[in-house]
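Next come two complexes built around subunit A: one with subunit B, the other with subunit C.
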Partner chain A sequence: MNSPLCKPWEHAFSRRQFLGASAGALALGAFGGLASSRAAEAMRKKEKQVLFVWLDGGISQLESWDPKPNTQFGGPFRAIPTSVPGVHFSELMPKSAKQMHRLCVVRSLCTKDNAHSSGVARIQRGDPKTRGVPYPFFGSAISKLMGPTASKLPAYVWIKPGSGGFKAEDAGFLGPKYGSVAFGDGKPPDDLLRHASLTTEADEERNELREMLNKRYAEQRRRNYTEASSYVFDTAQELMKRADIFDTTKMPAKELDRYGRTEIGQHMLVARNMLEAGVRFVKVNSYGWDTHGDNFNGHASLVPKFDRAFAAIVEDLAASGLLENTLVVAMSEFGRTPRINGHVGRDHWPEAWSLAMAGCGVKAGAVVGATNEKGTFVKDEGYDIGSVFHTWFNALGIDSQRVEYDNHGQPLPIAHDDMKPIKEALV
Partner chain B sequence: MNAVPNANPGEPKEIKNIVSDQQLLCARFSPCGQFLVAGSHEGSVRRWRVAGEKPAAAPNAAPAEAPDALADLLSDDKKKAAKPAKAKQQDAKAAGEASAVEFAPLAPLTGFNGWVQALAFHPSDKLLFAADSWGKLNCTAYDGESPKPRWENPAAHDGWIRRIAVSPDGKLLATCGRDGFVRVWNSADGKPVAKHEHGSDIFAVVFAPDGTQIVFGDGLGKIAALDFSAGKIAREFDAAALHKLDRLQDIDGLRALAFVKDGKTLVAAGLLPKNGGTVQGTPMLLYFNFASGKLEQQFTHGDVKDGYIEDIAVHPGGYVIGVSSGVPGNGMVMFHRPDEKTAFYFSTKIANCASVALHPDGRRFAVAATNKGSNGNGRRLSADGEYLGNNSPLHLFEIPA
Partner chain C sequence: MRAHHSRSPLIASFLVTIAFTGASFAAAAAPVSEAVDRAITAKAATAKQPLAGPASDAEFLRRAWLDFGGTIPTAEEARKYFADKDAGKRAKLIDQLIASPRFAERMGEAFHIQLMERNGNSLEWRSYLTESFRANKPWDQMAREIISPDFKDEKLRGAGYFITRRLEKVGQQDTDYPGLTRDTGRLFMGVDLQCCQCHKHLTVSDYKQADFSGLFMAFQNAKLQKPGGDYRTDWVAEGMVAKKYEFVSVLSSAKGATGPRVPLGKEVEIPTLAKEEQWIVPPDTKGKKAGIPRFSPLKEIAERLASPENPFFARNIANRIWFHLMGRGLVEPLDLMHSENPASHPELFDLLAQEMTAHKFDVKWLLRELALTQAYQRGSVIPPGAKDPPEDVFSVAKERPLSAEQLARAFLVATGEHERVAEGKGWEGIEGTKYSQKEFEKAFTAAFANEAREPELAVNPTLRSALFLRNNELVLWSLQRRTGNLIDRVAAMSDPAQIADEIYTAILTRPPTEDEKSDVAKYLTKHAADCEKALGHYAWAMLSSIEFFANH
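And now, the complex of A and B:
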């Protein structure tokens, strides 16, 4: 946590500092290699990290962070008290309710897109003003602005159901180097680990040859592509050393149960391992939240699985001390309509919805904003995603109103230039 | 009352359509046929007094004997006013038209929380049992002007009570819910009689015809018969076809249980799931031999967009009336005889059906549905800027003789 005597933005990166970030990261990496593991671990704990939980399709705010029981659109569920007096969650989230003193819930999100196709990208890119170039997703932005930690593990890792691989498209104009390394079904990319038939010596020989060919290749190609290629290979090599991160089979049954033996439970457990190992930005995706039909039974099935995993990781990060320097975010591309359709579902609703945060730089135990009695609209000021991006950057110590990207000489703001951080959410 | 066991009805004809201002979940006719009740999304039970002419007798069946509400319930003035209408209806029927019927709204029963999805009537006493999604179970003597609860248990279950069943002799109730319990109660005073912890969300419960067992089913495709006096599971039924784990979501396909073929066959109604999120799947009925537990027939009808059979009623003629709610705008009313490969009647004219109530005369049934255009992303405001909710039309059908 930042000192009470100073504010996060006083520790912000300047543009000059940012431009030198790559060199800094290299130096840290070198130091990490020389220091004792305990010292390196202690140092790494002070590095800022991010856990970004993405509930794709749209979790209902009414069945999670902002219940409106016994109202027209409130649905069947009760509200339950949380660890912060006066704050209530849906009864589907009993475990997260016990973590509320560590959370900061924003109940007054008011965004623009009510379609997945545009909403997912717009929300994860922070909805900047149109600049003629695609903006990076939050993970790519952090990868660029903060680089890898001293662990030298990939800066931006994405744990997701389905396929894995290197996802360059997240990086937008920053270039493919800042894309995500995706772990499909929580497993490492295919062929990450050295084949059993290949000896260490043979592998080293091959690497020498690869580096030589890389140099020749790089001379004839655009720099950002060859950089990305080398970067991915280098980080993969680091991952190869840490195969234990992905292997949940050797973990105690109690741990597996505490996170839930579900897709999101096991992925969140891998995410915890990655954060502990030093990955800068870990995104965990869960799909299937687009409950236009049977919303209430759907959420009765989905939310408790998320709740168990989310509460467990927040609790564990707090216990290990990592939460102090890890920004945790759980959100979707929008909320769901208060109106209940004929398929007993809720449709897309960007006008009044919620997200939850915890950890680094955010005010623990706070509820920011409110919706009206029926949950249909935000009561006072609504916050668009641009404000949320400013908030996240500031929570991580990046002055979002001063730091800029350098797009081949074109300075670009890192967050919407007409918006500001949500100060009530920041320590 | 003598039912009309007409097993070969013609096409049902819609004779009335009323709109409830609140969205409805479950509709039931009282055994006397004079009341229609429906549980709502807003913690109340909506009520209507059913007044009008009983349908004409089927030419090849025993006559319907549902009491005429006009005769029993209306004031003398109203009776006088109603008589010409009655005569007119009879004339119309003679010309081959459907019966006329009126639904007079009565004060709703209030004091519930969340949703009221579970409703059941006592077979002979004028008692209505209702339960809400916060765990309250209530018994109300429903025939007065201002019905009062006979007894009430505010914490019968921990949370959502999904169904109530009444034993054939009316002495016992069974309830089931999201807390994973089935519970048996004394219907006269609400005292607990038995309970069974199943462990996962239970969607439906029904008494076996002899009254010694209850049959319940969960969202994971497990159905079991419980000898509640002995506290033992007597039999299990494999309804795995009603469940699918799609990514993170358990799609709970079961919605209703009932007995057909003189109690020899158990029918489970719901969905053959395809995918979660915007749940899609095909309406499905599973027929089990109750004595052996063996699946006798897996019947599906329609398309994946047609969704859940949300509710069923067993007609005295031996067939199942099912109503479904699919993706918005899609709904179905379907008649199916056990053992047959196709539905002998179906209609997709009504959007998103939530429940079906069969009148005790066997000639009429009501379907609680949803207004058209109920879905849509983003804003939909009224002319004065109010955020609009949906409502539930109640469609009353007459089954031709």
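And now, the complex of A and C:
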């Protein structure tokens, strides 16, 4: 896949199918068996992928990436050294601290919205200028701009607590084709598992029969529908074949322990398997970070669960070599107020907060920007989410200042037109 | 389209042509179907596109059943049709289908999908549509009843769902008046004014901010009310409008003001009423009851929009009915009609709009007229010598998607489970409610219908639908042998040729070719050990094939 934008199949078919890039040219039989061979397969292809960890409600920067111990608003936790000399994290993140040499932490986010209802979408859409149409979330954007990988697995998978299914809402004006396949509680969408009455052989045979019928029918007709139909049936087949990648009951106890036997731990492990299998974009959601009351006990409980899972996946992706081509992001819709409120909580704070990245195209071991001594505001230049979107796109090799969406003839920039990538964060 | 497409001159010339056509129609009385075929043939000749031959009896039968009956015929019905030697049997079939009670249900469903775009459903709305088509209510009357609903009339209040559903609050979003404005323009006039909410349209010079604003102000003046008192459903109460709506372009900062206005039409003058004349029923502020203003912008809009004097109204319905039967509008996109987006067949398009007006917006009339054309009855097989025939020439019948509802019904008819599931016959004390018509429709809709607010215009295979077909319990249940169903019928047969004929006719509404007969025979020999299961798999492959999914 050379150009991230223009793929021949997009011209040939109608909207809303999941379609693969140059899928026909690939030997799909090469897959199967061990996870490590799949990882090797994906590695060989050098296809870029994304892991996007969304900590919904707002992780406190002070209890994670940007501790301010012994200051007015610093809270009770200490800061600990990381694997990069001079860089400290909150003591709630000992495992991620050991991965700092692979991470790039931005401590100078300064965004606009302090409400969850609008902020979640605003941040995940990159908050571009108002164009009268809803912009796609990051995952849908990548699904559109990069398409699925050669694996034929869906381009955008969302692993989340709660309900699963086919979620179109992230896609905005791009249309539901670019929505996500959501694994609610890590479980697959309806009808994904092979029906109990079917054997693999029978299933494959009847599908070959269907392909034969389609071929015969299509010989004398317009090409439109046949290939699109084959593609979704193939994607279905690939997903069904890999039931192992999301079945946490079949995962080695050792790995489960390492990721943590928590919701986010299991979901992150599924995410790793999905990335290894070749899913282009995996989003993992964790809820419950909105600690207006009892912030410190809340974070003392939440952060270590995230820390364990996050450090484990960064380590695994690095070990398998996938990290080199996988952009990893962990963030929320905003940070939390330095000021501690009357309920020993922290409120919403978009003025000065942090996110962490790793992998593809980003500078390993770097800290970008800083907050002032009390952590109340950003020192020097603050970055809005528009700049962050430019940064991600560029890390993935997409020139965000030139590439545009085509909204039924209306050209739209893929990221805020007045902003630029954060240079210090890029390799 | 036409160079004369600016506002008032267009209307004037339009009225002249109506008068003219009305006369010539009476005199010459050449059926519209012939005019259609002349125009299509002429353009195909110019484009050097060979015309596909007529659809086979089988292809025509299936197409007409799906379009006018909403499902496929049974194998028995199909064989009866194939055996009929009457040269006029196609016209006879169309008339039979249109006369059947299924016709109104099918049209009600098609218009529901088109007007609501999967954004909600309501029994009263559906019954309003179905009964309107049963009575062959003129489309302009329906449009007026939908845009300016009578919420107190038991038979008409269902029409109000088009508005009330769109004004329901979703989460913390503002009431979607812009969406209602946009949809009304798109669906009743074929103009998408979305961009004009904030500024003049950047690529369509005909669409101005005042066009959006004039419709928008009429809707924004209507507030959603909960049922109560004389009202059994959600309803909207209009407020008092005394002054124009002011708007500013976000691009040029140019200011404007408008009263209620039909897009691309004239502004309605807001009457100056003395205080005591303003309300027919004054609002009761203490009882929190809405009043009824004397000046109703919605009524003014409805009367002017759904009128022979609004050329876009006739064009839109002509284009959408053409789309309904041909799979592509004469103007595409359906909702982007303007002077620089000509129809593929401009004269034909004008004629259809004029005739539709002359026939007082009789939807059934136009459907029948189009169904009788060679264009509708053309085959979907590309003729020799044609390569990638352009769709807008209509030289080859276009394949169209079956709606989720058509699929669910066709699936049950094909598998021979229709009577059991839909009519409750032949259960023999086995599983009941899990396999009801309602459950099938629900499951098929979840798997095949578009997301809410996505127009259903093309075949869109999705991962969800592929998984549904492969593994869903309802799908696989229908393919297990059960007294009287398809698998039961064929499992009892011993001649492979007879088996092939039965499954092909039942599922694909056509007899098998010799090749297909021998495929079936070979397959059955290979799976002689478990024939019943093998037959289920074969039927599954056919039911999951494009041929079944397309109305071709």
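Assume the second predicted complex is superposed on the first by the 343 of 427 C-alpha atoms of A that agree within 3 Å, B and C clash if a C-alpha of one lies under 4 Å from a C-alpha of the other, contacts with A are read in each partner's own complex, and residues count from 1 in each chain.
In the analysis below, contacts are C-beta pairs under 8 Å (C-beta built on N, C-alpha and C of every residue); 3 or more make two chains touch, one makes a residue touch a chain.
Keep in mind that what you see is a predicted model, and the values were worked out from it rather than measured.
In the superposed model, A:Pro176 lies in contact with subunit C only, and not with subunit B. In the superposition on chain A, contact of A:Ala300 is made with subunit B only, not with subunit C.
Look at A:Ala243: by the touch rule set out above, it reaches neither subunit B nor subunit C.
Contacts of A:Tyr287 after superposition: subunit B is touched, whereas subunit C is not reached. When the shared chain is aligned, subunit C comes close enough to touch A:Leu209, but subunit B does not.
Within the complex, the subunit A residues that touch subunit C are 14-18, 117-118, 132, 154, 165-166, 168, 175-177, 179, 181, 189-195, 197-198, 202-203, 205-207, 209-210, 212-214, 216-218, 220-226, 228-229, 231-233, 235-237, 239-240, 409-410. The touching residues of subunit A, when paired with subunit B in their complex, are 57, 69-78, 91, 114-115, 161, 262-264, 286-294, 297-298, 300-302, 305-306, 337-345, 347-351, 374, 376-377.
Considering their complex, residues 23, 41-43, 113-115, 117, 133-134, 159-160, 178, 201, 219, 246-252, 276-280, 307-308, 325-329, 331, 351-352, 354, 369-371, 374-380, 387-390 of subunit B touch subunit A. Interface residues of subunit C, counted against subunit A in their complex, comprise 171-172, 194-195, 197-198, 202-203, 380-382, 388-389, 396, 398-399, 450-451, 454, 458-468, 470-473, 476, 515, 519, 523, 533, 537-538, 540-542, 544-547, 549-550, 552.
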